Amino acid sequence: MTLVRSGDHVARREALADPVARYERMYEIRRFEERVNDLFAQGLIHGTTHLCAGQEALDVSLALELRATDIVTATYRGHGIALALGMPATDVLAEIMGKADGCTGGVGGSMHLCEPDVGLLPTFAIVGAGLPVAAGAALAFQTRGEDRVAVAVFGDGAANIGAFHEALNLAAVWKLPVVFVCDNNVYAEYSRIDLTTPLTDLHRRAGSYDIPGVPVDGMDVDATRAVLREAVSRARAGEGPTLVEAKTYRFAGHSRADQATYRPEGELERWRERDPLVLARAALVAGGAATEDDLAGLEKAVDEDLDAVAEAVAAGPDPTPAAMFRNIWAVAA
Amino acid sequence: MTLVRSGDHVARREALADPVARYERMYEIRRFEERVNDLFAQGLIHGTTHLCAGQEALDVSLALELRATDIVTATYRGHGIALALGMPATDVLAEIMGKADGCTGGVGGSMHLCEPDVGLLPTFAIVGAGLPVAAGAALAFQTRGEDRVAVAVFGDGAANIGAFHEALNLAAVWKLPVVFVCDNNVYAEYSRIDLTTPLTDLHRRAGSYDIPGVPVDGMDVDATRAVLREAVSRARAGEGPTLVEAKTYRFAGHSRADQATYRPEGELERWRERDPLVLARAALVAGGAATEDDLAGLEKAVDEDLDAVAEAVAAGPDPTPAAMFRNIWAVAA
Amino acid sequence: MARIRVRQAIASALSDAMREDESVLIFGEDIAAAEGPFKTSEGLLAEFGPLRVRDTPISEMGFVGAAVGAAAVGMRPVAEIMFMEFLGVALDQLVTEAAKFRYLSNGRVGVPLVVRASVGSGLGFGTQHSQTLENWLGATPGLKVAVPSDAQTAYGLLRSAIRDPDPVVVLEPRVLYAERGECVTGDAGIVPLGVARVPREGDALTVVALGQTVRAALAAAERIDAGIEVIDLSTVTPWDRETVLASVAKTGRLVTVEEAPASGGWGAEIVATVTTAAFRSLQAPPFRITAPDVPVPYNKALEARFSPGIGEIEHQLTTYLRTGEVPDPWWLREGVAA
Amino acid sequence: MARIRVRQAIASALSDAMREDESVLIFGEDIAAAEGPFKTSEGLLAEFGPLRVRDTPISEMGFVGAAVGAAAVGMRPVAEIMFMEFLGVALDQLVTEAAKFRYLSNGRVGVPLVVRASVGSGLGFGTQHSQTLENWLGATPGLKVAVPSDAQTAYGLLRSAIRDPDPVVVLEPRVLYAERGECVTGDAGIVPLGVARVPREGDALTVVALGQTVRAALAAAERIDAGIEVIDLSTVTPWDRETVLASVAKTGRLVTVEEAPASGGWGAEIVATVTTAAFRSLQAPPFRITAPDVPVPYNKALEARFSPGIGEIEHQLTTYLRTGEVPDPWWLREGVAA
C-alpha cells in the first residue's frame, strides 16, 4: 500500500473489489483507531473522539456495495466509514488533529468528516439527524430520475429518537431509494440497549412502515455485504427503503474517556472471539486467497504507512484564524 | 338535563354510568358542535375550530373508563372530550367564544380547553405534543406509587410524528401507566391516511415497542369501552402502556373553512350509516333501555339546554385587557 | 401592474422559480392536492406534477431534514411549515445541520434550501399558532431569515431565497396572505436579500418595521406626517446595517416596531447595533414599540390590542417627537399590567 | 467553606433538593448508572433509587415532554440535556407547551420543571456541541433562563430553579464543570433567580457578563484596575434591570461580554434596554464584546480565539476607557475577516 492522497479516493474505493484488499482496509481502520487513541492519550488531540473498532466489517461492506456517486450520512463514530469509502488516512487524521490539511480544514474535527468525492456528507454529531438527510438525498435522486442511492448509518440508540421514525415513514411512503443501516453495537454511550428500549431486535421496527427489516451478523463481512447488496439494489431499482440491522459490538468505550466498566463480565471477551478482523483473516487463509505470510506482510506495510501518515500529519500546518471566517456564507462576507 | 355549572363536573362525569346518559352526552356533543359551526358561520366566533362529529363514542367511552383523578391530554379537536369528561357546555362554549367565563378566561380559545377537576390538561394545538406529556404524568403517578392513569388522545396523522415514537418507547421501557388512544378518523387535515403512511393499521406500530396494540370499532360505544377498560386496567395494575386504535371517521371538514371535497365519492355516506349516535340510539331502543319517545324527549331537553347555554354565553362578559397579563408567571409580575 | 393577494404572489414566485429551474421542488403538509392550507401553492401540482410538488406526513423534523439532504445534493427544495411553531422540533436540522454544512465541508457542500413558515398574530389562532419566533434562528451564522411585508416582497424575497446558495427561512406574516397589493413578477420583481427597503422617506425620525408592522408603521407615519422615514427591514438576518445607519445619521432618532414582545425580539439587535455605531448622532433615546411580554391571547379584542396597531404606533411616535422622551406603551399608560 | 468542583456543586444541589422535596426526580441520558456524562449526578442513584433517578433513551423531545407532564401533576422533574443543541428537537415542549400551561389553564396548572443543559465552547467538542443558544428561549414569557458562572451560582441557581413554580432552564457552561470554587450549600447557599450579582464594584464602567465570561471579565477588570464594575447577570430571562440600570446610572458606561456571536445574543437586549432607559446618563457608546459571527471552530487555537478571553477583553476595555470610542475586535484589528 502506498500513501494515498486526495484525488485517489475512488481508486481506493474500487480496490475493495479484491477480498484481500478488504481485509487490508479493515486492518487499516483498526490500526488507525488505535493510533487516534494513542494520540489522544499523548494530549496531541483536542476534544473527544469515538472509535469504531468492531464495526470494520460493516464499514467495508458498505463501501463495497455503494458507488462513489451514492451518498452516505454517518455519525461522529465515522473514521472507519470515511476510510472505507476511500478517504486516505492523511485527510482523516489531519482533520482529527485539527490541521489545515484536514478534510474540513481543521474547523470540524473528529465528529465532522466529509468528502463529497466519495459521497460522504459532513458526518452528524447529533444522534438521528442523518436519517432525514439521507431520505432527502434519496428524494433528490428519485425526483431527477437518477439511479443513485442514499444510505444512513446510525446506532442502536438512534433508533429511539423521533428522526428515525419520521425518516423511515417518509422514505416508505415515497418509496425513496435509501437504505437505513442500524449499527447495533449493543450500547448507546454507557447504556446497554435493553435499558432504553424493550425491543432490541431493531430491524423489527421496519414493520411500522411496511418495509423490509433485515438483521445481519455485522461481524461477518460477507454476510453483511450480501444483505446490503440486496437492500441497495432494491433501492436502486425503485422498490423503496430497507432497514438493515447489523449486529456488531463496540470494542472500545463510547468516547475517549470511557473505560466501559459497565459491561457485564465476559461480554467483551465473548464478542472478541467474533472480531471481524479475526474472522475475515481466517476466511482468507482457509479459502486460499492469501497465506499467513502474505497477510503479515500486508499488515506490516499498513503499519508502516500509518507511521508515515502520522508523522506527516503531525508536521503539517495548523489553520490560521482566517479559517474560521471561511465557508459560512456562499459568498465571503 | 339542567344547566350544569363549574363544580358539578365530576357528577356530570359519573352520570355516564347510565347507558341512556351516555347517549344523551353523545347527542349533546353532536349538537354542541353544530352550534359552534353555526356561530362561526354567523361571525360570532373568532379564529378557527375543529369539530369532532363522528368521534362521540370514543370520547364518551373514554370518560366512562377513567376516574376524575386520571389525566387526559387531548388535541385541538377537543370539544367532545371536554364535554364527555364532565365540563359543562357553558364553560366550553364560553371559551370558544373568548369569553371571560371560559375555562381559560378567553385567552385560550377552541384549541385550548382545560379543566383540572376532571383531569383535562390544556389541550394541545401542536400535533403529537400531548403524547410525551401524558407519559410524564404517568411517570409521576408511577414514581409516587399512585394508581392513577394518564391517557393521550391523538389522531392518525399524529402517529407519523417523532413525539409518538419517543413517547411510546419511553412509556414501554419504563412500563408507565399510560394509554395511547389513536383516533384514526381516516384524515389528517385534507390528506387521506394512505397518502402519508404505508401502514394504515396504526395499532401495529405497538410492535416497535413490544407493547399491546389493539384496534377497535370507534363508532361502537360498547366495543370501544371494552377495549379501553382493558387498556386502562392494565395501566392501573402497573402492567404498562397500550396503544389503542379507534377506527372512526371525521364527519366534518378538518376545520371550519374545509368543505372536504377531497373525500372519495360515497365514503362519507357509508360511514354515516355507522354514525355512533345512530348505533347507540338503536341499541338502546332495541335493548329496551329507552323508548323512541323517551329519547326524543331527552333530545329535546338537550336542545333546549343548549339554546339556553348559547344565549347565556353570548350575553356573558368579555375579558378585559388585564386578562392577557395574568397567569404567565406564578407570581404576578 | 396586477393587484394580487400575497398568497398568490407566493404561488407565482414558486411557479416562476420552478419553471426557471428544474431543481426546485416543494413539499409540506397539504400543499399539493389541497394547494396549501393558506392556498400558497395554487396550481402547482397541476403544472409540475407529483414528483416536484409533494404532500408530506406530519413530520416537520423529517421533511425539513429531507430538505437539507435534497439541497446538499443539488436540489433547491422549498419546504412549507404551516405555522412557525412547528419548527420547534426541527431547529436541529436548520440551525445545527443546514447552516453548518458549508463550514463542515470546507466549502464543498452548500445547502440551498428554503423553509417558508407562516408567522404572527391577528387571525385568532391562539397562543400556540400566533408567535413570530424569529429569535429561534437569529443567532445562526450561515442561515438567512427574510420577512415579506406585502405582495411584492412576498414574491421577490422568495425568488431571491430560492436562488440563494445558502439556507434561507422566509417567515410570512399569515395575516397578510389575503391582502392585495401590486406585484411585478419575473426578474424585475425580484427583491434582494439583505437589503432593506425605504417605502417612506423623512428626516425627523427613523422607524424600522418588519413584516406585518410595516403597513401599520406606514399608516401611522402618514397620519403624523412629520418627516418620518419608514424602513422595511425585509431581511432580519443578516440585516442591512448600511441603510439603517444612513437613515439614523440623517434623522438622529430610531424607533423599531415589532409585532411580538420586546424580550428576545429582533428590535434589540437593531437598537443595540445602531446605538454602538451611531451613538453621537442620536438626539434622543432609541426605543422599541412592541407587544407586551405575554403570550398571544385568543379573544379577538385582546389579540387586536396585543400587537401594536396604527393608533398605538401613532400615539407613541407623536409623544416621542413632541417630548424627546420614550413614551409608555398602552398597558403602562392605562395601568393595565399591574 | 469547601472548594468543590462545579459539577459537584450541581450534584449537591440535586441531592439537597431531592432530600428536601420528595417530588423532585431527575432523568436524562446516562445520568443514573453512569452518574452523568459530566458527572453532575454523582451518588444520586445510590441515594435515591431508580424511580427518582432515571436513565432515558435518546429521546430529548420525549423526555422533555415527560418533564412537562410530570410537572403538570405536581412533581418537580429536573431533566438533563447533555448538550444544549439537543433541545433543537424539543423546543416545542418548552416554549410552546410548558411556558404556556399556566396561561392556558387560567392559572390552575403550573409546570415547575427544570431543564439543565450544558452549553458553550472551550473543550474541543466542535461546532455542533459548543453553541450557547440561549436565544432559542429568550422570547418566551413564562420561561426563565439562568446561567451559573461558578460553583456557588451553579449550586444556588439550581436550588432556586427547582423550587420555582415556573419552568426554568439552567444553562451550564460546560467548561466550568471541572473548575473549583467555594460553595456554601443548604439554604444559605441558595442564589435567587432574577437577581444579578455584582462580584466587583467600580464607578467608571459597567461590564455585564454571563456564564463563562464572568471570570474572564473579572480577570480583565483586575488587570486594568480602573473602577470597572462587573455584573454577573446570572438570570438571562427575565433579567435584572434594576441592578444593571443602577450601575450604569453610576458609571455612565456599559459593555457586555458574550462568549458567542453578537448576532442574536443576549447582549443586544441589555444594550437596547439600557440605552432606552438611561440614554441621558450614557457618556460613551455602549457596546458588546463577543465572538465573531461564525460557527465555533474545532482546532484548539482557533477555538481559544473564538470566545473573548481575558486578553481580548482587557484590550477592548482599555481602548474604550482611553478613547471613549468603541474598539475593534481582534478580527478587524488584525484584518483577519476579509
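By letter and in written order, the chains are A, B, C and D; residue numbering begins at 1 in each of them.
As a convention for this text, contacts are C-beta pairs under 8 Å (C-beta built on N, C-alpha and C of every residue); 3 or more make two chains touch, one makes a residue touch a chain.
What you see is a predicted model, and the numbers here were worked out from it, not measured in a lab.
The set of chains in contact with chain A as well as chain D comprises B, C.
Averaging C-alpha coordinates per chain and comparing to chain D, the farthest chain turns out to be B.
Chain centres here are Cα means. That of chain B falls 36 Å from that of chain C.
In terms of their C-alpha centroids, the spacing between chain B and chain D amounts to 40 Å. Mean C-alpha positions place chain A and chain B at a centre distance of 47 Å. The set of chain A residues touching two or more other chains comprises 104, 107-108, 112, 124, 126, 160-163, 166, 169, 173, 195-197, 328. Counting partner chains per residue, chain C has residues 56-57, 59, 61-62, 85-86, 88-89, 92-93, 96-97, 100, 103-104, 127-128, 141-142, 293-295 touching two or more of them. Listed in rising order, the residues of chain D touching chain A in the complex are 29-30, 33-34, 37, 55-62, 85-86, 88-89, 123-129, 292-295, 297-303, 305-306, 331, 334, 336-338. Residues of chain A touching chain D in their complex: 46-48, 98-99, 104, 106-112, 124-128, 157-158, 160-163, 188-191, 195-197, 262, 318-325, 328, 332-333. Here chain D touches chain C in the complex through residues 61, 85-86, 88-93, 95-97, 99-100, 103-104, 127-128, 131, 133, 135-136, 138-142, 237-238, 260-261, 263-265, 267-269, 271-273, 275-277, 279-280, 282, 284-288, 293-295, 326, going by the rule given at the top. Interface residues of chain B facing chain A in the complex, by the touch rule stated above, are 160-166, 169, 172-173, 195-199, 204-205, 207-211.
Put simply, chain D touches chain B in their complex at residues 23, 25, 51-52, 54, 56-57, 59, 61-75, 77, 89, 92-93, 96-97, 100-110, 141-142, 164-166.
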